[in-house]
Structures are given as structure tokens and as C-alpha cells.
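The following pair of complexes shares a single chain, chain A, combined with chain B in the former and chain C in the latter.
Up next, the complex of A and B:
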């Protein structure tokens, strides 16, 4: 059945509104198709997706000759999430606190990077450039954060974050503008921009580079962020990478994202363009400008994520940091799993933040599972999530078939 | 109840008894009966959403009925899949063709039952088989042409031939004429008659009354999932069919008083525009639409209508000439500026251009004015909901609340949503492009009445239509467009011949008469 399926074949005129069947085939671009697949299915399918991924991940563990249950237990212990249980006490509790701080330290930027992908999806665009936008934000943050040493604390932090955000926006805006003006596919251009950002960073901080550390001429690393630009640590020891206020910045951004998407005219335009650019154009919405604005917003979120990491705990950038960062790609999985919604993205970011931290070398007992392998397990699960989210279409089809069809209760709210 | 074997004795090749198909709370088919005789053309008539396609999907094995029996040649059969349907001699031609555009006609025809020679595809055999079938049934196709390169009518022939190739004795066509030109429709009718005379039974689904009378021997009418009845077309007329179909008297041609044109509102002066390929598409169009007047632009599809509409509404660059509204020059302004100036636009294709199908009705109704009264760039959801509720009521949109996705409405109700949105902006000029395309008679009546009401409210309406009947029914003046030029003006009483001559480029000497 290649044709678009309207509300159940041949619904009587004036009959009760029926559950729309999900149109899984439409959409000309990868971004549009994924966007369509993602807006359907509620919360059930993401949960199934996660369970499936863990199940298959467990099989992988089993094949390597380890006990999957013990392994998952050990990973969970490493996430620090048991701090939330009231019965965790004493030394366990303080260890859990430190672990949870580390988990949340990763969760904050992941929320922003997930939103940076999700907003593009809603406008029918696929932003694979989170990595480059994150790097550009990091570079600007480390540059501005290591300059202007005498500036007042709050002002310095805000200025660094704003400039990093603007840099990310400009970087992604290039891809948006290319799409709007020449029709160049944003998937290609954002990937290209990733590489440009990486090699730009390697040049800047490499030996003899313009921003290389002045006091250590033999190390390809930036100057350190000065004290006045460091984010305030509110939980844990600032010397031991405690949790900084960036998590609240990320949560605030998620709230703004929700408002933007569902309650603002710009978000309405973005969604209209994402669903049907032609109808949007006919109604007078400037489609090209919307592409530029949406990509710019995505880049701003990713650039902000970069500044949080630099000002919050990294404090400097080495060339191998820039070449090695994979966080932004995790953001794609976060957006896919979170279905481009604000809350979903936050929860998915917490899940991946916990996974990354729980499988880290520091946390996992080598007797249970080699941490080097466990880190790969994170990647395996990440890959499985992406796979199953795409196969979501399949899960949805089965779900639609099995579920008895019923008339949908009419929803009262306007914007979805 | 007739015993199973009585069915064959009555010459019935296909009989449906009490077919019921439910989708959750919706009953798409409610105990539907249908009797198809050997060698007849049987129309299945009903409004959009009456359950015609559902019924035929049941026959073709795409859907499993909840209740009821399918009898082929007098015996109850189980049709669980299209392949089983083919085994029983049932073939179906869908509205959207199942052809592979890059392959040739012959390759498409044998797809799924390819002739082989030494384990390889026997292309010569495929071509031969295509030619044989083509000759036997008198359906001319070129076996070596790529499907992408042949006309829609030709593609449909390939589909029909493919069904016949698989041994179809019963041929089901789902809205076969929806995609065809008038000429192709006439040719299809010939083909179907030839097939009937050769002993094939044909079921064709339609909501167009005149086609039923022209082509079919008998017609079964469905309404809201139920069989209304089966009658012979001999002796039937459009009014009686429409009454069966809609369940009330339908005014096929709305009565109208002559318009009382006021001052000119929309004026075009020597407008030129090029199409997407860079060729001149609008070639010096000048026209004038006054307040309280419907001016129809009649013409064969592809003579510059789309480009002209786009040029007026700011969607296409006007290379020279002027568009004026109330004397104000709106040439080459943005689409939004054109709307703000007072040009409403009922778009040609409501799915592709008129609606965002995944948006709710409230969001769709707000597409033009979602920014009205907003502060800090924030939407006014409550205002949107209230306005939507009001418009849905005023325009009698059924099957949805403001929160319903537009996708789940029937075509007629979707079109009402588009019209409601465009009219609610209170435009001086309203462009209505193919406003009733794909709608059934009940919805057409609504749209026609509404357009006349808007005319009488003092708007200048520029109607573009391919249906001469519609043009004559609504227009106060008819302009004929041919090859990007207005080649003549006729009164609404003009005959088919007069209009047809101008539309095909004849009688161009009458320009500016």
C-alpha cells in the first residue's frame, strides 16, 4: 500500500473521528521521514525500544561469557542512581552521590544536544552537525573563558556562554542558509561542517597554534579557563569535578524549547514547514528563513552545551579532546528516543548519561566486566536504540495491527 | 436467502452477501450485498467515505471482512490475499498505479509472473505476450516504452492488461477516471465496453453520476456503509442517482441570480510569468474582476492556470505587467503581503498546498492569521481554539473538533476547512482553484453555494476550473485561457462547442471580442 492512508479506509462522512493511521511512507528526506515516524506512538514504543536494546545488549554480554544481570547491576551501581533510594546510606551513599554528580554532569549537555537534533527534526531537517556546533561552542568558551581574567564572575560566565551560543548558532546557520538558498542537503553540509570545526580546533590548539597554551609550548592544549569564568559547583567538591549549575541551564533550555515549539509563532512555523513546506509557503510562511532560524536555534543549543562542559569541568581543550568527542552523536540517539519532545529528551539524556557514566573505567569492577568492553557496550546500546527507533516503524506497524481500532477521544488542546 | 448454487444459475459471477467490515467503532461496510452478472459493467456509486473502496479491498483480499460471504461462480470462497483473489479470477486496478516507472511496459506487465528461458528473464517472450494481449483486447500499448514516459491513460491500460494477463474475469477499477482527461475517460469507456462484450465483468468505483449513466449497465449505490439499492442505468437519471447517493434531494446545479458587479477590485494588466522550466507560461494576461462577480477562467489543464494563480498570489515572479487590488499595486509582493492586502486563495491541491494534514484543524485554520494579536512571539491557543470552533460550526465541518488532525477528515470536510480559513480573512478578492476537485455531489453543492454567497457579499471571485459544468453554473463571465493567453470571453450560457473550440486554440480570431 504505497498510497497515503487517510483515516481508516473510507470513513463514513460525519462519523466519529477515527484514529489516524500513521503515515510511515511519506516525506522526501531522511529527516522528514524520521520526523514523521517519531511523532507517533506515544510513550509505549520508546520504552519498548529501550527494553529491546537492553535485552539484545544483554545477549551481547552473554556471548562474551559474562553474566548479563551482574553486568547491568554493576553498571547501575556506577550510575549513582541508587542515591535516590532512601535505603542507600553511609559510605554507599557518599559514593553514589559522587557517581550521580558525574552522571548528571553528562546529562546536562546531552539534553541540549538532544534538543539541538530534535528541533531540526520537527522542521523536517536532520541536524547531524551537533558535534561541530558543540566544538565551535567549546572553542569560543575556552577562548573567552581564558581571557579577561579581571572580569566580575557572573558577567564573565554569562558573556562566555552567550558568545559560545552565538558561535554555535552561526555555525549551524551556515547549513540552514545553504539549504535555504541553494537547496544543499543539510545532512551533507552539517557533516562537512563537523570536520571543518574539528580541524579548526586542532589548528588553533595544536603546537604553535594561535590559541595554544602559552606556558606549555610542547603540549597541544588551550589555556586554562580563569576562575571568574568557571561555573558554580553546587553539589560535591569543586576540586573533584562536582556538579555545576549547568544542569539547570539545560533544564531551563528544555522548558524554553517546549514553549518555543508548542506555544510560539516561530515554533508553529517550524512545525508547519516540517509537516508540509508547500502548504506553509502557500500560507505566506517564509520557508527558507524558517530553515535558517531552525538550524540557528539548534546550533545555539549545541554551542551552549559546549560552553557548559568547558566552563563546568573541562576548563581547557586539548586537540585530542576535540578529535575524540562523541557526545554530540549521542545527542542524535537522545532525540530519537525522546521523540523530539522536551520531557522525553530530558529522560533520554538521563538514560544515556547514566549509561556512559556507569560503564566508565572508574566505576565498573573489572571482575564483573572489563570496563574497556563495557564502554563499547554503551556504544552497542546506543546503536541498538538508533536501530530500533528506525525499526520503530516496524514496532508501530505491529502495534497498529494488534491494537483494536477505536475512535480517538477528541483532544482538547490545540498545539500537539 | 438464495441457496449458494442459485447464484450461478442467475448468471452471477460474483456475489457479496452481508459483508460487514468494522474499524473499531466505525462500521465501514454494514451488511452490504452486491450481485455482479457475467459480462456487465457495474458501477459502485457513493460519496467519499461511503465504503466503496473498503468493499472492493475486501473483494481483492486486502481486508478480511468481519461478517459475510464472497461467492465466485456460485460457491463461497475465501479470499485472504490478492493472490487468492487472482486465483479466483478477480483483478483490481488501483487509483494509484502499482507500476515501476523506470521499467518498460512489457517488463511491468509480466512482473510477478515473468516468462523464463534457461533461468533468465525472457524479454522477447514478455514483449510477445504484451503484444498478444494488446491485440486480443484491443488495448493499444507500446511494449518497449518506459512507463515513466507514457501518459496516465496508457499506464492505466498496462494495469488493466496486467490484471487480464493474470486471468481476471472480474475486473475491479477504483475511481479509474479520477486521473484521466475527458478524452482518456471516453477511451476507457470504449475499452470497458469491449471487455464486457468479450465476457469480462467490470466493477468500477466512482462518485461521478454522469459516468455511471454513460458507461455502466447497472449501478449499486452505497451510503454510509450500507447498500441503498441496485438499479439499471437505463431509465435512471442524475437526479435520482444523486438522491440515492446522498439520501436527500441534491441540487446538482445551484440556482443563482445574476451578479451585481460593483467597482473593479482585482485587475491584471499584461501579466507575464515563466514556469518552473523557464518557459513562458503566462503570456500577457489582462483581466478584471469586480466586486460581487464571479469570473471563471476555463481551460484545459496545463495552459498556464497554475502559474497565473501563483503570480497573482505572490508565489511566482511576475516578469512583466501589473497586478492590482483596489487600485493598489501588489505585483511581486510576498505571499503574505498579498494575503494581507486582501487576496484569499483556495489552493488547487488541498493535500499538497491547502492543508498541513498533520496539524489539528485549529492549527490549520490559523495558518494565515496565527500571528494576529500575539505578543512576545507567543501563540494564543485559546483564541485559536475559539476561532476554530466558530468556523467549524459556521462552515458545517463534520467529523472533527478543533483538536482533530486534518488528515482524518473526508475530502469534502477538508475543503470546507480550507474555504473557512480563506473566507474568514475577509478578502476583497478570492481565488478559487479547482475548488470541488475530488468532491462528491453533496460537498460540491455546499462549495458552490458558499462561493455564490461570498460573491453576493461583495467579494471579487476568480474561479479556475477544468469542469465546464462548474464554470457555467457559477460564472458571471467566462474567460478562456489557452497557451497562457486569454483567448476569449463568453457568457455563462455558452455552449460546450463554443467553449471547447476556444479551449483547444480554435477561434483565436475572437480575441478581445
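Up next, the complex of A and C:
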């Protein structure tokens, strides 16, 4: 694999005819390559990416002596997606409904977390800090949601969500400001902010911590969110984690994201900076300020996601919730698979929401496949999706190989 | 998604490394030293029980820092002011706490030994990062490579019944993951940050999967073969002697690796080629060096080095494996690499600093468990400060993160 072209400097330079048929132009930016991919592959390449990832994931299952088809079938049964099939009926249908509520319960925050990564990508930033921003948002939501009992319901909910959103924005804004002022790489700063957020949460809700539950001094857990701050459940049993209105908040955020990105000056500036910061600077865009604003927006989305989970179904935070949350990392796969577009992110969030729910301890039959194994399988698949998205050239190559050849590929470029 | 700008972000703008010791520079370093002394005099064995001398020293340090900044040495001057604030705060804490507590926590020999132990995995991984990035490939998958090393070393030690087999299998596993990174980053010209992130997930899932599949709820066996400790008759040689009298083989291995990497990268033809490929691949290609081969070799050896760090964690330090046991150490190693300016000596200093803060955090529950929890965040805060440039901007290899194509397009 190390040799791409025949050795020696005799490779002709320049001229479109000298390009290998599927080579998308050597040093072309990933953005440019993705643009080409979008034109040539449409929605097909993400689908191939997913299928390929599931295939490799299935190989892992196979190698360890389990049946991949049974495993994937069991995972699918746990997602509740068969509710969408008209032929599902009776007891199956009500079980599927409960499972689908669970899936959508995860999908909502996942959309927001995906957008939080996607917006940064558009501005040329990589926000791996969704986890920290999510945690900070959920800490603020649980704190404000468990205080101020007796406040009017709608007002309390909105206030909690706003404060959580602001906290997430501020947390991510640190990374944006550091990037703008000192040039510190946001990949590292956001990861560090994740860990700082985790230990802060463990400190706050840990034994003897300032926000630890007042009535249970020996449990490392927060106070419960009071009734006036809980989100309304519109589908299913409110006592059994029915689906709350957060999913609509997330969909609305996706719509706002689309407007922000495609129909607003700020979004234009973000994309311009992402495309070429130097050119953006020359055209009068304040690049540093854009970094701070973009990261702040991303943090706001992730913080909002944290508040949805806390006010929608968790209602309290334990220290091991804070240490164990992996949802935000899925947001990276969601954004990459959804190509940072609003609709793509929503669909990818549904896919990964289903995958997480289908592999949860509650929904996966341990006789078929151990849930704990399956959760790790989800992580592998998630990694593979990101890996294959990064190698869009590879997926395009497979896609074009599989495609029936045009009569005469005279032009040396990817067929449109 | 124009991610090439992300990679450019990894490269801070070129700053002057500054040669020679100017007067301002000396003032700044003096300030840093005084700030630290302000803290040290309140600790055993000196134990000044009043904060006044420390405050005086810290104040002088701040004045020196301001003078250095005034003279244009903003980096060192900033460091002096930071050291002064740190020293004053530390001195305040130390002078307020009981002597018996202090002596339990600040036992210099134990702290030094713990510092070396905590620094070892970071040192190995940061060296791996150095080799890879010097060749022009950003390696954000160090975390995953460590994790592979950690699991497969435990697995190998269990299956072969010897720690040598464990290290061997662990290092091979780390190199295998690195080989995937090489294929994607070098041949397929993926975005190196995205593919590195992806491999971290793959490693996390894969090791978790195999761990649950192989060991289930019981965890790795208690009688896992361990990398031996080296006993030295140095107990009489002060606290450093006591600290090094019983250290793990791999702790010494990491220090030797620092020297080895330095020799190879900076004193051999191979190293010259490596650096040439990282600085100007086109020029290197012109004189007949295969950029692809050098980069492949560098990335794969970087995986091996990082896996050594992981292997130390599982069979040299903790003597078991748990899911996600590296806990962000790969990224701290990356920060240490940047902090240490892509040089072996610099990164060792940085990993020792991180090791020291971890060692301190581990002993703090003596004072207060809550405070100790909060202190766990210290290495991450330090990393944040480090990369944010209190210690100055550093210049990575010029072609770091840029995929290479023959046509040069």
C-alpha cells in the first residue's frame, strides 16, 4: 500500500489525462473531496460507509465465535424501529412503541451533539469537547432544575434550558477563545476541558460535594429535578421514560442550524473561515471572533442536549453517570456521517440512537448476545464509520467499482 | 468541512525560539525559581510555619516577571508570574495545614518514585508521537495505541504466562493499529485527525469487546505475570536514591528510550531522513528518500512506543486491565510533546511535570477527599495551560499533518 504510483520521478506532471481515473486530485482538501463525493455519490456513499462498517463489525462478532446475523437481528429488535412497519401488530407493536420511544429519547440529544460537532467542522474546527459541554450543561440543568421549586412550570423549564445552554456555550467558548488568542489547537483543549468537566462533576456530586443530594449523604448523586422543571412527556408513560418534547427542541435546533449555516451572515463567515481562514481574513472577516462564536454555538447545542436528558428522563445525576457518558462522542460519528448537514445529522442520529438503544442492557437479550459486548461493538462500528468517512476516497472507489461502467469513460474524472 | 485548516491549527505560528541567555531571560528564570522556592520552603524538611517569607519571595518573583515582560521576554516573564502565584497559593495551603499531614503527603522519595511511575506511560507515548510527527504524520491515535498495548500486554502475559510475551504481543497490537493509521493517513490521504480519532474509538471498542469476551465479569486474573521491579542498593543516597531503589524495569526503559530516540532522530542518517521528510517531503523525495516508506516506518514504530506505555500501565503498574484504562493519557502525551517542542528532552520534562501532579493528586486524600477529587483535574488544567501558550508557542515540523503526493498537487 505504501507505493501509490510507480517509483521514479517520471510520472507526468499536470494535465488532466495524467490523473488516475479515481484519483480525486492529490492534495485536494477533504472539504473539496467531500464536495466531489457529494456530487458523485449523493446519499449512496454514507450508506455504503455504514454498510461497510457493519460488515467489519460483523466480522469482529464472527471472529469471536458469535453469529453476526442473529446479533444484528437482536439489536434491531431492541431498537423499536419495527413499529414503523405496518405489519407489526398486537403485543409486538406495544413493545416496539416503548423501544422506539427509548430510541428517540437518545436521538434528540444526539442530533444536538451531532450539530455541535458539525458546525465546528464547517468552520474548520474539530470539537471533540461535546462531552464536556454536555456535562456542564447537564450539571447546570440539574442544579437549576432541582432548585427554585414552586416556579411556574414553563418558565422554570425554559430558564433551566437557557442556563444550561449558556453554560455549555461558555465552556466551549474557552476553547474558541484559546484558539483565537493563542492559536492553541482546539482538539487538545476541548479534550482537556472534557476531563476537567468530568472531575468537576464528580467533585460537585461526590460524597461531601457542594451539590450532593441533601437527604442521602452516603450516595454520590445530585438532588432530584422538581416537577415544575420536568419536560412534558407526549408519547408513552411519563413514569417509564416516555418520549418527552425534547425531540422537537432538537429538530427545531436542526432547522435553526440550517438557517444559520446557509442563510445567515454568521454562518457564511463560519464557512468562509473553514474554507480558507487567510482568505476570510483578507476579505474582512474577523477570524478569531468567528472561532469564539462558532465554538460558543457548538457548546450551546451540546449544553442544551445535556439539559434535555436531565430534565427529560434522568432527573438527577450520579457521579458514575458523569464518568460514563459516551453519548457526545457518538455525536462526532453522527456529524461525519451526516456530512454536517441538518437533515443528514438527524438521520445519522436516528441510526446511532437506534444502535445505542438496541445494544442497551434492557433491550438486548443476553442469551443472544451480551449487552456489554454489544456496547463495545457499537463503539467499534462508530469508529469504523468515522474511519471510512475520513477515507472518502476509498468508499468512492468501492462505489465506482460496484457501479456499472459507463460505455466509454473518456473523461478522466469521477462520473457525475 | 475543510479539515486541512484543523491540521494547520496544530501548527502554532512560528515563534522565535530565542537563542542565548539575555538579561531579561535570566530575570524571568530567576522569577520562576523564586516562585517555586516560595512554595518549597513551607514543605518538609524546611517547614517554615509562617507565610510571610514565601509572600516576600513571590512578590520579588512577580517583580522579576514584570521586568522580563517589559524587556520583551513575555514567555518566561509570564512563567515567572505564574510560578509566583502558584508558589504563594501552595505556601498558603502548606502553612495552614498540620505538620503531620504535610509529612505524610510530602514524602519526597515516595513522591519522586510515584512521579516517575506516572510519567512512564506518558513518556513512551509522547516519544511515539515525536517519531510520527517528526515524519509529518499527526498521531492523535496515541491513546488508542496505548490502549491496544495495555489490553494485549495483559492478554499476552496471561496466555503466554510471561511478561516478555505480554509486552511483545502488546507492542505488536499497538503497531497493528498504527499500521492502519499509516494506510489511511499516508496512502489514502485521509484527514489525519479524523482517522486518528476514529482509531481511538476502534481501539476503545475492540479492547473493551475482547476484554468482556475473554474475561467477562471476573476481570483479568490476579496472577497476571508482571514486569519485574529493579532493586538498586541506593537507599543511602538521599531521597533520590530512595526513590530509584525500587522502580519497574519499564520506568528505566522509558528513560533509556528517551536517549535512544534522541540519538536516532538527531544523530543518525535515518533520523535526518525522518526529519527531512517531516520538514520538506518534496525535497527529501528529490534526493531519493522514499517519503512513503519513511512515514510508514515512523508511524508504525510510533505505535510500538505508545504500546510500551500501555503495556507498562497494565502489567507494570496496575497489574490488571480495565476498559478505557488509559483515560486520556494519550492526549496528555500529545500535549507533553507540544509542550516539549517536539524534542525528547523537552517532552521528558513535560511528562515529569504531569507525573508529579498525578503523584501529588494521589496523596492528597490525606487532607480532604473532595479536594483530592478536584485535584484529579490538575494534569488536564496543566495541559490546557501548556498548549494555550503560557509556555510559549512551539513550532512543529513544517509538513506535520500534510498528506504527501508524488505529483505534489
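We adopt the following convention: the second predicted complex is superposed on the first by the 352 of 416 C-alpha atoms of A that agree within 3 Å, B and C clash if a C-alpha of one lies under 4 Å from a C-alpha of the other, contacts with A are read in each partner's own complex, and residues count from 1 in each chain.
What we mean here is this: contacts are C-beta pairs under 8 Å (C-beta built on N, C-alpha and C of every residue); 3 or more make two chains touch, one makes a residue touch a chain.
None of the values given here were measured: they were computed from a predicted structure.
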>> Which partner chains sit in contact with A:259 here, chain B, chain C, both or neither? Use first/second/both/neither.
In response: first
> Is A:241 contacted by the first partner chain B, the second partner chain C, both or neither?
Replying inline: neither
> Which of the two, chain B or chain C, is in touch with more residues of chain A?
Replying inline: C
>> Going by the contact rule set out at the top, does A:275 touch chain B (first), chain C (second), both, or neither?
In response: both
>> Under the stated touch criterion, which partner chain does A:283 make contact with: chain B (first), chain C (second), both, or neither?
In response: first
>> Counting contacts the way the document defines them, which residues of chain A are shared by the two interfaces, the one with chain B and the one with chain C?
In response: 1-4, 7, 9, 11, 13, 275-276
> What residues of chain A sit close enough to touch chain B in their complex?
Replying inline: 1-4, 6-20, 23, 36, 39, 259, 263-266, 268, 271-272, 275-276, 278-286, 404-407, 410-416
> Which part of chain B faces chain A closely enough to touch in the complex?
Replying inline: 22-28, 47-54, 57, 62-63, 94-96, 98, 224-225, 313, 315, 334-339, 345, 347, 351-360, 362-363, 366-368, 370-371, 374, 377-379, 381, 384-385, 388, 398-405, 407-410, 412-413, 442
> So in the complex, which bits of chain C are touching chain A?
Replying inline: 1-6, 8-10, 12-13, 140, 180, 183-184, 186-191, 193-195, 197-206, 208-210, 212-213, 285-286, 290, 292-293, 296, 323, 328, 331, 334-335, 338, 369-370, 373-374, 376-377, 380-381, 383-384, 387-389, 393, 402-403, 405-409
> Given the complex with chain C, which residues does chain A contribute to the contact?
Replying inline: 1-5, 7, 9, 11, 13, 25-32, 34, 60, 64, 121-122, 124-126, 128, 178-179, 182-189, 191-196, 199-200, 202-203, 206-209, 273-277, 329, 332-333, 336, 339-340, 370, 372-373, 375-387, 389-391, 393-394
